[in-house]
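So that we are looking at the same thing, I have put the structure below in structure tokens.
Each chain carries a letter (A, B, C and D) given by its place in the written order, and its residues are counted from 1.
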């Protein structure tokens, strides 16, 4: 870390910091400028030390040198990680398609959707059983009945199931019914939940929080990996900005940057990102062209009767169009379904 | 709700929506303009209906009329709510001061801080035992030992304890040791947790999420109140914006607006909002002048050795200055400690 | 527009608003609900009326129905607009490539760049002569000498020139040397400048402001078009968000949405958007896959000696890679250089 | 500046950067860590060098040490600057009140407002003659007639006039009629305009841009001061965030931080910040409690007929309430009108 002393820092203040850093096992270099003293401390990044040094007298700013994530970084593991879920492999030459309704409503809805998306090339079925909703008066999901339904439908169609888990003590239960656990945007920094899905040792789909930096997102992955679960797939789903014409702002720079910084697979969710059915195809294409390893898309047999997120759900015909629309982009990117 | 049809919506599409709304028990008024048809639907706000109507063919936009929160709104309860915790009453003529370290570290730290803040007029002791940290490698809190310590210290000093709970299944445990449960910014939309603290029926301090709108914040309160727990105190702690000179941007408009929309008490946390010790006093004064019912401030006997948030913690002398600095503002606002 | 009255609005207040709207030539419909009265006013959108009605007693909220832009909208002109600059046509089957240095430095730099980009398929040369810089101590551009240089280089290489104009009274001067005038992000709401480039009647490249909504961006185009200059090409260059890992956040939803709302061509600038050389290719591909009509890319013979924006400039070899990398995406999108 | 080399930077790459820095007159210190090399370069901050070094091979990140502003900084001038306009002095023991309509409409409107605000203690009359409006179809101001009117009204009432200038070539004209020139939020980085008001050598009110960092705001002041005009008063008027309940988010941390970093006076505009009449008083109090040197408030004899910004304008009675409401806060802060 680099410590920039304030202009009027005393020699004693500088010395006190040097002592503190040395005591913590850091090698310290001092650069004495005309206006300021700069200290360079060489050693492992320690969040506590960063914070306490920043609080010491005479310090203007502390700049970390190393990125805070380790297990998730390319430095730690240069080759890309592949995560296998059912027949799908995230992170390789395959572009994995996850599709399905926002919320599981009934058997007819789920089964018809599953058949259609399977036929079109999807490998995973999404569908919320435990739904985190802004309002307590909104439909909260079918819960355990939804899980059972999705398990049956998956068995019948040969799809794998990814579904959201919202509470640490439900991880075990949900993991019985699903092949992949989803951490939603609102829970990206629910650390108790992250640790629990880490311990469950099954693949995790980690959505980026609405106001999470890329660094914080990778730190959330680090929480899971720190429990010895390396099967983490990241999912960019739009960040919150001042723009209100779209539900969120899909950040495709994040896709490209995550590929550079991390070995983990990363996919995009153009449905939640835009909140507008018409934008799903162009954003799906754009995400794949930016290097995404797959897509998560909302599909519903009748979006106009959906219990949630109708405006952004594709109907079956629109989903077929999407699949046709992304195919040539996949070919360009050297990927296949 | 108001439904704005698209320019090229057919008569049939308009009729289909009118039917749907009528079937749901809404009274519908049609305004036929030169360019567009507008439908006004009168009835209770229903999140599902809003969403599904928005997905129907021919609809350009759906505009809700009523605010989504009920129990938290002034319409529901015009007079201010008072929440009693130990000797403190939030929401009345008292300005409640909560102070203490970010994280509980040891008995000496906690006891010396508690004595000092008590002497200066604070009524509640804060101090994290379960710490949600961005990095899994950061100090995660003393957990149960921290809770016990804070209980002992509280007993000795006559302060009440407010501490964060991060997991639904720990609510009961934490509630044994604390008089008020804190929901942190990262958990503001952890709905499972909100429901659980609702059921616990003890006072809750609900921090605003970093990217939460005022409406979403009040909806989070609604989750707690919907479990018949009306003892909710809101806490503005800064939102995430493009500005990097401060850790967050304290949104004092939110204080004033919450007072207008809701009957719940609201306080401010200038320490987390700014992340800079020097800004705590001016922002504390500003928050009280904007109408806040209290403050939450980080105090540590030795900020430069603190295990977290040192740069924004006040030492004892600085805390005394703060108390002297806010006193005349309180007098102006007709409040007292 | 729709006027939502507050819960406690009196009958007299409602009547006063109906009178006001009728006097302004609006047809008014009243919807009387149990809790609130809603008024629908049918007529042309008037910014003044929106604002003054919103200020009247008893009004809770005014919701505009129509979008505020007219000339820029698809409703006004359903077919796409083509803008011709030199040999390039924006908005049709061609994907127009604009390339060149951030700032014009000297003849060798500009000429070598121009030759290389021309050979690779670019049609327009960019290069700032008047540079708006955050610091008054930064290089401000070669000004008139830069303009002359770019004119000579363009003549020699057969490229057209696009360059930024920053002051209304320099529009005429700059227009003598360039075939297209650029309005930079910082000047997107410099209305005096917009009107002046409107009057100049030459093609305009209008960059989106860092904090401008899509609607405000199209309103800026409206200012130019309102002076009878319809040759406007929009350029998405990233918006300012909380994310600091990239210079800005490229908003590709905006590309797709502008295509839906407006008939104007729209291109993307992945260089300024990301501020990182490594991200230029993936974002360029993504922008084209989202439907962009072209790209604006920074190229410099020696980025590490560039007087501005070196970190995001491609060198010649990298530019060649970019061109090869986007070609197959263009083919998929039915476009060609 | 500090240069953090990438993990795999070669010794040659490090050497090349050291040469470059030395050639530019910088003293260079090298810190060799286990994982990375860090270079510290001591010398004056140079925006060009920062940028070009960042583009050199092997460099991961360049961190500036010094703040980019000089003339505006406390380091340059520790004691506060006082700016005198008419009878008012910004930056001392006085809290200067600027009030008046958003746009000048007619003599009756302006004169009645001027009389009332003068009586209540305001020293400056605001009122736009050249109005930058988002829509070209909105009222654009009375222009030169508005300037004349405000001059007459000022003469009659003994108030000084502050009015916005939007174009460099109108600076001279506007300066004939006004005692203080306002740079609006949209023009904060209109550098041609900043230089021109710098040359005009009359006091300038510099509003913060909607998406401008505090550092960029002070750099805009630096542009004016670099033309030898030190009479700059800063005005915080809210920044653009994701929150839509208020027009902007008033950033009061910025008030306190500007006071720490700079010697320039700073005031707040609670009217534009909130866009809601009800919030003007609480935010005015809060701004003064945070240390603001004054306020700018919109007042209109009949807000419900105002040609712009009616919803946030106070009527005369409300303005009187505001003045009474802020008085005791001023007393606490040791200020007077």
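Here is the rule we go by: a residue touches a chain if its C-beta (ideal position, glycine included) is under 8 Å from a C-beta of that chain, and two chains touch if they have at least 3 such contacts.
Bear in mind the structure is a predicted one, so any value in this text is a computation, not a measurement.
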Could you see whether B-D or A-D has the larger number of C-beta contact pairs? B-D
Tell me, please, which chain's centre (mean of its C-alpha atoms) is farthest from the centre of chain D? A
Need the CA-centroid distance for the pair chain A / chain B, whole Å please. 26
Determine the centre-to-centre distance between chain A and chain D, using the mean Cα coordinates as centres, and give it in whole Å. 38
So how far apart, in whole Å, are chain B and chain D when each is placed at the average of its C-alpha atoms? 31
Multi-partner residues of chain D (at least 2 other chains): 211, 240-242, 244
Okay, in this complex, where on chain B does chain C touch? 2, 4, 7, 27, 29, 31-36, 38, 40, 42-43, 63, 65-66, 75, 240-242, 244
Touching chain B in the complex: which residues of chain D? 211, 213-215, 239, 241-246, 249-257, 259-260, 273-274, 276, 278-279, 282-283, 285-291, 328-329, 331-332
Chain A contacts chain B in the complex at 46-48, 51-52, 54-57, 68, 132-139, 166-169, 186-187, 189-193, 195, 209-211, 216, 219, 222-223, 226, 240, 277, 303-311, 313
